[in-house]
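Quick one: the structure is below, questions incoming.
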Amino acid sequence: MIKKIAVLTTGGDAPGMNPAIRSVVRYGISQKLEVMGVFRGWWGLINEELKPLSHRSVSGIIGQGGTILKTGRCAEFKTEEGQKRAYETIKKNNIDGLVVIGGNGSFAAAHEFYKKFNVPCVGVAASIDNDVNGIDYTIGTDTAVNTALDAIDKIRDTATSMERIFVVEVMGRDSGFIALTVALAGGCEDVIIPERDLDLNAVCHDIVHGNLVGKMSWIIVVAEGAGKAEDIARQITDMTSLETRTVVLGHVQRGGRPTAVSRDIALNVGKAAVDCLIAGKTDIALGLAAGKIVEVDFETAIKKKELKIDNFYKLIKTLT
Amino acid sequence: MIKKIAVLTTGGDAPGMNPAIRSVVRYGISQKLEVMGVFRGWWGLINEELKPLSHRSVSGIIGQGGTILKTGRCAEFKTEEGQKRAYETIKKNNIDGLVVIGGNGSFAAAHEFYKKFNVPCVGVAASIDNDVNGIDYTIGTDTAVNTALDAIDKIRDTATSMERIFVVEVMGRDSGFIALTVALAGGCEDVIIPERDLDLNAVCHDIVHGNLVGKMSWIIVVAEGAGKAEDIARQITDMTSLETRTVVLGHVQRGGRPTAVSRDIALNVGKAAVDCLIAGKTDIALGLAAGKIVEVDFETAIKKKELKIDNFYKLIKTLT
Amino acid sequence: MIKKIAVLTTGGDAPGMNPAIRSVVRYGISQKLEVMGVFRGWWGLINEELKPLSHRSVSGIIGQGGTILKTGRCAEFKTEEGQKRAYETIKKNNIDGLVVIGGNGSFAAAHEFYKKFNVPCVGVAASIDNDVNGIDYTIGTDTAVNTALDAIDKIRDTATSMERIFVVEVMGRDSGFIALTVALAGGCEDVIIPERDLDLNAVCHDIVHGNLVGKMSWIIVVAEGAGKAEDIARQITDMTSLETRTVVLGHVQRGGRPTAVSRDIALNVGKAAVDCLIAGKTDIALGLAAGKIVEVDFETAIKKKELKIDNFYKLIKTLT
Amino acid sequence: MIKKIAVLTTGGDAPGMNPAIRSVVRYGISQKLEVMGVFRGWWGLINEELKPLSHRSVSGIIGQGGTILKTGRCAEFKTEEGQKRAYETIKKNNIDGLVVIGGNGSFAAAHEFYKKFNVPCVGVAASIDNDVNGIDYTIGTDTAVNTALDAIDKIRDTATSMERIFVVEVMGRDSGFIALTVALAGGCEDVIIPERDLDLNAVCHDIVHGNLVGKMSWIIVVAEGAGKAEDIARQITDMTSLETRTVVLGHVQRGGRPTAVSRDIALNVGKAAVDCLIAGKTDIALGLAAGKIVEVDFETAIKKKELKIDNFYKLIKTLT
């Protein structure tokens, strides 16, 4: 029987990490476990920055963005030395298992750590990019999408009033998920994503053609992994002689009160992660797929996630 | 081959009806169909209040709450005479099929109408109550849940600052879905729903016990179908001698800009409904289940939807 | 020279109390003062519930609704005995002056306390009702108005889609300020406030007349001090035979992230209150009037505030 | 007696232009005036793109960002020829006066036009930059400030969770108003504005000093007129060896539902502009100063507005 677990958040922060922490802590305590909070991700394990969390220590965080445990990327954990020191912290503190709240990078690190030191690790898929393979919806994605959509709706006011072409860059290094979702939901005229070859001729053709029939305002969404808004805007101007404007939404998409969906997933998956550790499971990430919580091997989870983009893209183009 | 379809919204309005209309109209036109918009639900069919909708007529509505076609409940459509007049409008205008955007009541009416007059009818599940059987998430639910959650977060500020017990009534005549979801996501202390017998003794026991250990603020969510906030608050005061406050969120939950999820479902299901009519399907409602669009017989759709409440409820109580 | 001050929040909570506390604490410390935080308003003085606040103790609260010091109404402080005990706490803790963040009731109490015990008291006008005489805009009003306006905008979606008459009750026990402001900004058709005799015949006349020319949806705003939404709605139904719906916005208006205006006033007035105590001023409330911070005698501040309602009301009626 | 007026929006769009249009149209009609709407600013006068606006034509726009009349900058109106053609449109359509909704550039153009052709022009101060001299608060500023503040609050989540330095660029070409206001209200650590010499050494000194005592996250707000976020961030990194991140809020600040303050000013000033034209006034801009509507000569309005920045800046630094 396990007696003590630790929870940490690693990688980029995502809205919903806090309710996930709350769920791990309170559900863990309800199952008679001691729960330690590790600060600043792997760094905290290496440097023994951790402390016991009580029921009350996670009061009032359910609606807050970010993570009270803080997070970060940690180069030292990629070294033998770093991993060893992290393991020593775990031994010294009698920790029987880890709940790792994060994305692909976090799961790759947890997988390696588990294989080397045999410490039970269960992942909670949290990432605004929604790029964990085998999982439909990660914690934070819905919030980020709604934040981006809110921005797109605002930009639409100016695009329409001033009859302008906007190129709006949203997050998504390897994934066009946010871009596709907000382009569809925002009624945007085009979308450029890493999963699809960019045909700027076609984009410009549509713009020029639209202009001839009186369509004067455009919003083109670009995933950051597919190019810089500024470059694309300049090329469009070069090819069409029309003025363009750019907006890079940036880190605003990471923050804010988590939406109901982000909290709901966080609370349910957080609990499930504790159940998995109790049941002796390890080396898996948990998340939502087809409306249910699923367990995905870390090895599978960190593979490139395929996005079914063709119907998505066609619908965007049909509806504008 | 069908040539002309009509779209109408009936029953209570839900945020996302407008993007659904947009999708039916624009996708329909892209498939070489004529699309008529019927005003005020069934009433518009009875009174021949309808007009052709163009691509441009649905511009700028993707982010708007309510429905540009207006909606309402129509007693006359429950009469033989009313249905006959509706059918005459359909014949006279050469309408080959109907897209009915609404909830259970709308589908029951559409089912009866189809059986009597053999007019192809496809339903698009839109209802904030999320009470369509066989469908996980109806258009509008996610928006209503987030609106209610936003209100709960605000009430929490006062509950904590003034150390008070709040009873907050949310929508849901026959369904505790909104209540359970916001109670969990809002970190509420208790929830009262129609699907579960109310044990006010247990509620009051928890409050009194909490008070003894220093927990001074409470938010108890009530689905409207499970009782009036005012009555429940008064009983709590009677049993505990503690002051209570009530908030009835009411119609605010019906309105507002649809969230990304509500728009996404609306746009995809709207398109799918047109595809169904083209494919000769009828007497079915469309919606999202297990992450996919599903077709559900009207007869099944209007049956009482079972909500798996036990785990839900247990999690709420464990995490507070 | 004063060395130590205390800050408390009393009466109903208002969004912006937290940034006001932050300003008093950090500015006070920058002026070499010790700042004590008193918990639960006057109750905390009576029961010696207070503690020193550091620069860090007010971190991260600038954007939070409610008050970290908690607040409440305190019957005991109206008694000789209660006041005496509060005074003893002040003596015992060597407190040289009080910053009282609250509304009219708080200032009346502070005024009496100052007169009896000669403890320097400076008020910071915070109240969503905007009913402090001599001050144009109290902390919290702008947030409450925007929350109510947001709700009105949402209700408008349903009112328009379902062609209904809504009676919406907003806060304002003695003051029609919130009601007038949101009625104007929300494009509402009528407004009922305590400062103006209610002529329900005129309201109904407008509705019936509007109906004849095709105006089918109405939003009528009622300040809570002018009547209950339910009563007014029923009377309108009785007089016009038209269906009505009601919404009571309630405590939702008290909470939420303070707006820029509410924070701006809070931060500036909080600082000014400390400056006043340092300068030896007392028995005054501070707030914003004509774009400047003004000092108003408590005696003046607690008098009935006159609202110039005629032009306001006329504009509302002209623009709908 | 004047009989017909025209209204136009020019320059950059600002949230609140729509309620201003609504007020001009509906109040104008209530005063027995005909009101023409001119499209795309001065361009519409030059090209005779205008049409009569009815009471109903401005329905439902009170809560919408942007401007239904569209807007833009018009080089042709700076030419003799362009102005003459605009004047001809005015004569031909028997327009007795213009309401010009816009900022400094718009007022400069209107002033010149009035002097040359003697067409009565009254300005309605609308600009998110709040840079109209003699006026405290222009239409749109409060909305833009709240949008920027909302973004800052979100960025704070990541800044705190990841312990990072953020440089956030907000709008304000010649004015630090937005930057100062959100820096104060957002609890930001520093602010860089065009009205104040940039001392990057001091900024970096504070950061390094803060770091030593454990302060790890920073948000530094930059007005666009004072430098590019990217340049400043790079310089900070060069001088401190600390990682930095940038966000450029951009056009998002122009859009969105106008806040209560923006609508309130718009509705009152719109009405006042019509009253001025009726009273035979011209060559003035209207706006809010010290809580009242004031008339400012165009010549004064377009002068450089002085911002009292010293106390502002000192308060920001004291409170962080």
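Observations on the structure shown:
Per-chain residue numbering starts at 1, and chain names A, B, C and D are given in the order in which the chains are listed.
Definition applied: a contact is a pair of C-beta atoms (placed from the backbone, for glycine too) under 8 Å apart; a residue touches a chain by one contact, two chains touch by 3 or more.
Computed from a prediction, not measured in an experiment: that's the story for all the values here.
When you average the Cα atoms of each chain and compare centres, the chain farthest from subunit C turns out to be A. Subunit A and subunit B touch with mostly matching residues; of the residue numbers seen at this interface, over half occur in both copies.
For the pair subunit A and subunit C, the distance between C-alpha centroids works out to 39 Å. Distance from the subunit C centre to the subunit D centre is 29 Å, each centre being the mean of its Cα atoms. Averaging C-alpha coordinates per chain places the centre of subunit A 35 Å away from that of subunit D. In subunit A, the residues that touch at least two other chains are 153, 156, 160.
Pairs of chains meeting the touch criterion: A-B, A-D, B-C, C-D. In the complex of the two chains, the subunit C residues touching subunit B come out as 9, 12-13, 15, 17, 40, 64-67, 70-72, 147, 151, 153-158, 160-163, 166, 245-252, 254-256.
Across the complex, subunit A is touched by residues 19, 22-23, 26-27, 30, 60, 62-63, 136, 142, 145-146, 149, 153, 156, 160, 181-182, 184-187, 257, 259-261, 263-264, 267-268, 271, 289-292, 315, 318-319 of subunit B.
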